[in-house]
Amino acid sequence: MGFACIDHHRHIRCGLPEVIYCPGKTTEQIIKIFEKLAEKGGNVLATRAEENVFKALAKKFPKARYEKLARAIVLEQKKITMSKRAIPIVTAGTADLPVAEEARVTAEIMGQRTELICDVGVAGLHRLLGHLERLQDANVIIVVAGMEGALASVVGGLVDCPVIAVPTSVGTGASFGGVAALLTMLNSCAAGVTVANIDNGFSAGVTAGLINKKVEARCKL
Amino acid sequence: MGFACIDHHRHIRCGLPEVIYCPGKTTEQIIKIFEKLAEKGGNVLATRAEENVFKALAKKFPKARYEKLARAIVLEQKKITMSKRAIPIVTAGTADLPVAEEARVTAEIMGQRTELICDVGVAGLHRLLGHLERLQDANVIIVVAGMEGALASVVGGLVDCPVIAVPTSVGTGASFGGVAALLTMLNSCAAGVTVANIDNGFSAGVTAGLINKKVEARCKL
Amino acid sequence: MGFACIDHHRHIRCGLPEVIYCPGKTTEQIIKIFEKLAEKGGNVLATRAEENVFKALAKKFPKARYEKLARAIVLEQKKITMSKRAIPIVTAGTADLPVAEEARVTAEIMGQRTELICDVGVAGLHRLLGHLERLQDANVIIVVAGMEGALASVVGGLVDCPVIAVPTSVGTGASFGGVAALLTMLNSCAAGVTVANIDNGFSAGVTAGLINKKVEARCKL
Amino acid sequence: MGFACIDHHRHIRCGLPEVIYCPGKTTEQIIKIFEKLAEKGGNVLATRAEENVFKALAKKFPKARYEKLARAIVLEQKKITMSKRAIPIVTAGTADLPVAEEARVTAEIMGQRTELICDVGVAGLHRLLGHLERLQDANVIIVVAGMEGALASVVGGLVDCPVIAVPTSVGTGASFGGVAALLTMLNSCAAGVTVANIDNGFSAGVTAGLINKKVEARCKL
Amino acid sequence: MGFACIDHHRHIRCGLPEVIYCPGKTTEQIIKIFEKLAEKGGNVLATRAEENVFKALAKKFPKARYEKLARAIVLEQKKITMSKRAIPIVTAGTADLPVAEEARVTAEIMGQRTELICDVGVAGLHRLLGHLERLQDANVIIVVAGMEGALASVVGGLVDCPVIAVPTSVGTGASFGGVAALLTMLNSCAAGVTVANIDNGFSAGVTAGLINKKVEARCKL
Amino acid sequence: MGFACIDHHRHIRCGLPEVIYCPGKTTEQIIKIFEKLAEKGGNVLATRAEENVFKALAKKFPKARYEKLARAIVLEQKKITMSKRAIPIVTAGTADLPVAEEARVTAEIMGQRTELICDVGVAGLHRLLGHLERLQDANVIIVVAGMEGALASVVGGLVDCPVIAVPTSVGTGASFGGVAALLTMLNSCAAGVTVANIDNGFSAGVTAGLINKKVEARCKL
Amino acid sequence: MGFACIDHHRHIRCGLPEVIYCPGKTTEQIIKIFEKLAEKGGNVLATRAEENVFKALAKKFPKARYEKLARAIVLEQKKITMSKRAIPIVTAGTADLPVAEEARVTAEIMGQRTELICDVGVAGLHRLLGHLERLQDANVIIVVAGMEGALASVVGGLVDCPVIAVPTSVGTGASFGGVAALLTMLNSCAAGVTVANIDNGFSAGVTAGLINKKVEARCKL
Amino acid sequence: MGFACIDHHRHIRCGLPEVIYCPGKTTEQIIKIFEKLAEKGGNVLATRAEENVFKALAKKFPKARYEKLARAIVLEQKKITMSKRAIPIVTAGTADLPVAEEARVTAEIMGQRTELICDVGVAGLHRLLGHLERLQDANVIIVVAGMEGALASVVGGLVDCPVIAVPTSVGTGASFGGVAALLTMLNSCAAGVTVANIDNGFSAGVTAGLINKKVEARCKL
């Protein structure tokens, strides 16, 4: 296509869905890549898509849906069998929801069930502790938090599974667009916490998805 | 003295002890300033003092004592009446102790009682929650934490008094000498948390001391 | 509510008003949270609220008022008894006013009187020194300053009470959106100065409010 | 113990070994904590331990061994059953070995087998591609790389399992002590890559260990 | 002209085209400088030109053309003889195209042929390896990459010619507007890689052009 | 005035004009401060003023003029006697003009003559060297440069008077809004170079004005 | 000499003394350059010289003297006529003395008298205000301050001459080796303040020297 | 070898010498890798080698020589034919010599002649201009500069060949270990300048070597 080089094989090689990351691409480019990815009949995900991109795309793909909060376009052409165990996606505040939603949409197109636990930041510990059982039953947990990002450490100290921490750009002043939360999470005193890029719900969704999948897949072998 | 300009009046004006901050001063300069501060018969504190400075000083001031962990020299010439209520000084880890000790020594020379609650970082919440009652009874709390510094937010969410957060340079890699903890604390989602400079136990001790003092002093009026 | 987890208990536990921090929340979310917080009959504060959020909210809460400079929505359903002593809120320049106003509105909804001392930056010392008496009578002082933020140190050197320093994003070039003022304040050579996040008038208002409250509350015991 | 608060329960709660992080602790403190951790008969790991700490400790614990490159002290009191599948630990260069070793020692005390693939940085791709089969068979991979840290992205693009990327401080000039590699890894265009703190082989070992363990444990259920 | 000092001689001295860098200049200034540069009959290039600048300019220079993706205005008044060997311009992703295009337009006005190899980032190595022969035949290669910028190292390890690496601001979160890619490239473990400023396709085009020119020019001597 | 505290005395104390820095002030506030400053009959300067502020102000002060490039409003109510010697204001590029203009307007309202030497950046040394005589005759020189800001060092190496270097935010990518030029100037290997804040033509104008004034003033004594 | 290219002419061209900046040069190189500079009979200054360099040098130049605090070697071969008016060098604290001393030694070898005003930081304003008259009589003032560096703004607001601000690396934690003071000074709200590099007493001495010289020199014409 | 994976093929693939980068490797590891590289009879270069490493190595390789300033070990087993045209290596100051020497040693083992032009920084332009002819005759130039690094821009504006700029960590304060020079060079207003990592003489030597080689090699075809 000149401007893009489709890697259909990645789908098989890496266990990923077919994905387009939209920023920096023109609407025309996005549509052409989307067509290319869709033509094999699989499911397609376009992340960080503006609503007008969706509208242009929907003309050609009436079955595509727009996940508004997540800013994602989803085309399900193939039925997805969902995992048995859900991945908890925990947010510190309401404003972290868009990132959590991106993680959710991504995990789900990979066939991984999720459950959202929202607005349970560390300033009110009892809100988090009320969900302890669900957290302790998980194979992997996604924690999404901006501002000081302390939630990842607290969750990490309560469970025996890996925690994927996603810092968000929620915050002001010395949060520096998510850097404060990023550093907090990288320096977590709770072991088992690894970190995705700021606001990168997609990467967290994929990683958690790969882990959950491995756990259930190996069992079948 | 040429190299230093003594501000005896600050003692009265700001309610502080007579203090020397040692780094960048020669041993000779420190001793001369110490003499000048001590000659009015008050108590004197020298912070960040190397042990060899203490040894040189001790020849002239045999009553001076060296607080090793805090790296502080204390000369008590006047009896100190201690406050009724103690200031809890809470640390996330054992390695934060030197900073906590500097805060303790500082608060105590100002006549403020303290109580140390050590190694109660957020990766093991039950350790902190065991001290809840003491924390909720305080007029002001000092929280000392390195690495991701999340403890300040958690404490701040449990109490109704101001929390003085002191980030420490404890940590490696992306802790950047305490910057990670500093940013965490500045971005605390728990209100009532203000922040001192990295490793600045002295400043935290003074501020907490001034608050505790105000509370008890006003009551006597 | 799915997107938010109300912590009514924080009001009692931490001595705070019921508060919504608006950025990153949709107008619909803000209104729903506001309703939830208001339904117990207490006072509610929404910070960093755009004017259009206020307009939408005012339809349901005609008694709510908009503090324009502070960008805050205030709903007073319960009469507030004001403190005896006022908290001085000192600004270096006129452009620091919005942050000072946020501190004022916050402190006042907590029942703390305030007095504004505006535009007394260090380039014209006599402007500040004219207010010395009021400053020296306070239980706690809020200093709001952008650019080089030197005012906090100068005030801190003149009084015997804690100073809550709030760096603002006022300035250009190497002020780096308030980082210059933040670093100045963290490195204050005047003891007793602790620092809030850049532009965080709310946190300063809460902290100063908690201190002033402690002083007057303990006296009554 | 005053200076430390042992969290024996973490062992069970989080599936971790008993661990001491040595920096910032005195040799006396380390020994006392070690004794406390060892007294229940489990295995103990002390990370970032200087050789002289080991020598002092070895007098009381003659069975302890020192992993020199990893700077870790290991006390095996209980037999460890090793996992079936090994965790590949891949390094970009020879100088990244100490961090890889810390990950290895950590994973092994958790009962996870490892295999080291050393010095296969991206400037000579064929070195890495020779190990492709082993990588594609893993449940989880640890990639350790300094300088530009590009190896994590390349590995991530070749496999369908999560990759734990550990930036190291190997490098000079604009590597800024590992920041360059850290940013590279956080921005990885290969999905499924999450990041540990700079030089934090321990955290990578724990996380990879938890994942591998989950996969094999669930299978037994 | 008061606001600009034309350096016609640079054309001869440095082998460069006549160039205007547009940002920060008013449309009027750009047009006047363009006229001055064009009046000697040579070719003129205006970089980072907004489309409205082109429209204003096109009234006076109907032969000028606008390279939209590259945001460049080109006026060819003199026929350009093209080099024998082409300069490969390799991009990691589709979103890096504008920078690659700026490099292409610049090199071409210097008489250097180019060939674009687009969207061959390291997450799918086979895409790059398919172009290996063309890369290994070049005198110099331009690599354009955002996000983690790892492509430059991988290309550098495959060829025996200099690689001009151009980091782009493509990416989010901790890509910090291209800083992550910049650092990656500066720390490249592949020798022979030097780096241009973020998004600076022009500088890469010039440098690669000068190298290619030298190689072919010397041969004629 | 509540929101501002006029410091008329600064005019005498510091030799400055009456000045208002506009950013962060409402139009109403600016007009009120302007009136206050103007009422004593002196000259008034408003810097960083948007054109709409000027339009509102011009209704009350028809004699005020707007210096468009400098974004400054000037009200000359008192005749200004100009200095004998002019201050050269040298810019590296055309895009640095607005900052140079701010310096010029500021110096001139202080009664200091200026001469603009524009677009003489170091990539074409002969442009600068053509002005050598004028530079070597000055009492003080202002150098305004963005991008790499090297001009200050080159000028500093050619003259025996102080050089006031003003970094500008002109540049892209790793110029980081003027930080690159700022660091260049701070590290100048030419002695006699001191630095103003990024884009701060006002400060450079004042400082150069104070120096030129001192030189001529002392001579009259 | 191969490793150095002496610029004798700079002495005349820029009004500077003959100077060697020692760091990064071997003792042998320093001695050879020193000999070269001294052979014309003028005065020579070597800055940032370790004491052992002085000892080696003193064997050949018995008349050279070592200014210990300033870490400078001075060789006076020609009698220096001193200026009439002294340059005040003001420091915030005792630890700033070495930088102030470097400025003093530099200014004096240029024939400029200096007067040291030490330890008058802003936390005790009365200390500074006691020297007001001397400050207001100066042609130029050097302010040397670490930590928050607020002294420059306060001095700048009190005088009508240029202030050369020198940030020092005195401080800890978030002073970041002088960056905090540097930013404070760059953002000074007092006009007339320009800034030298961190700890660069030499540059401040030269600049202040050039200004003072210009003032007195012009007068003689 | 376990700890290292030799890439003999790189020698042919990339036109590089066999090289070991020593930091982070033990002396034993360096010797073993050196032996492996040397056993095919080619020339070997070890960079950033401490003198004691050389001493240990010299026992096995008596023909190896130590380039002290460059901190490089060179083993010439095969005669090197030198290029016709030399690569100028230009330094701003004497302290930049070690980096220039590393570039020289690297280029020479690749068969490229070099010529050193030392201490010609921009504060004394005539020093540089004296070498103009040699610079204008080159195929490629290496510019090595610390502090403000302005030399690269000035050289780049005088020649029609690519300039490889190497920032050095020479400087103090706000040079931030070479960051100031790095940014200067990245932002060069002279086209044709690309940048190596801080202090990376090796990379500059390789890149310049590859360019010079291409020019002469193609001519022979």
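Read from first to last, the chains carry the letters A, B, C, D, E, F, G and H; within each, the first residue is number 1.
As a convention for this text, a residue touches a chain if its C-beta (ideal position, glycine included) is under 8 Å from a C-beta of that chain, and two chains touch if they have at least 3 such contacts.
None of these values were measured; they are calculated from a predicted model.
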Spell out the chains that contact chain A while also contacting chain D.
B, E
Walk from chain E over to chain H along touching chains and report the minimum step count.
1
If I list every residue number at the interface of chain C and chain F, are over half of them used by both copies, so same, or under half, so different?
different
For the pairs F-G and B-D, output the one whose chains share more C-beta pairs in contact.
F-G
Reference chain E; chain at largest CA-centroid distance
B
If you average the CA coordinates per chain, which chain's centre is most distant from that of chain D?
F
Superimpose the Cα atoms of chain B on the matching ones in chain G and note the rotation angle, 0 to 180, in steps of 5 degrees.
90
Please work out the Cα centroid separation of chain G and chain H, and write it as a whole number of Å.
36
Distance between the CA centroids of chain D and chain E (whole Å) is 43
Averaging C-alpha coordinates per chain, one finds the centres of chain B and chain C separated by a number of Å equal to 26
Among the residues of chain B, which are close enough to touch at least two other chains?
10, 93, 123-124, 156-158, 173-175, 179, 182, 186-188, 190-191, 197-198
Could you draw the chains as nodes, link the ones that touch, and say if you get a line, ring, star, complete or other?
other
State which pairs of chains touch, listing all of them.
A-B, A-C, A-D, A-E, B-C, B-D, B-G, C-F, C-G, D-E, D-H, E-F, E-H, F-G, F-H, G-H
Which residues of chain E touch chain F in their complex?
2-5, 7, 9-10, 23-25, 29, 33, 48, 167, 169, 177-179, 182, 197-200
Mind listing the chain C positions that touch chain G in their complex?
92-93, 121-125, 147-150, 153-154, 156-158, 171, 173-176, 179-181, 183-191
Sites on chain D touched by chain A in the complex
10, 13-16, 19, 139-140, 156-162, 164, 182, 186-188, 190-198, 202-204, 206-207, 210-211, 214-216, 218-219, 221
Per the touch rule, the chain H residues reaching chain G in their complex are 93-97, 116, 118-120, 123-124, 126-127, 146, 170, 172-175
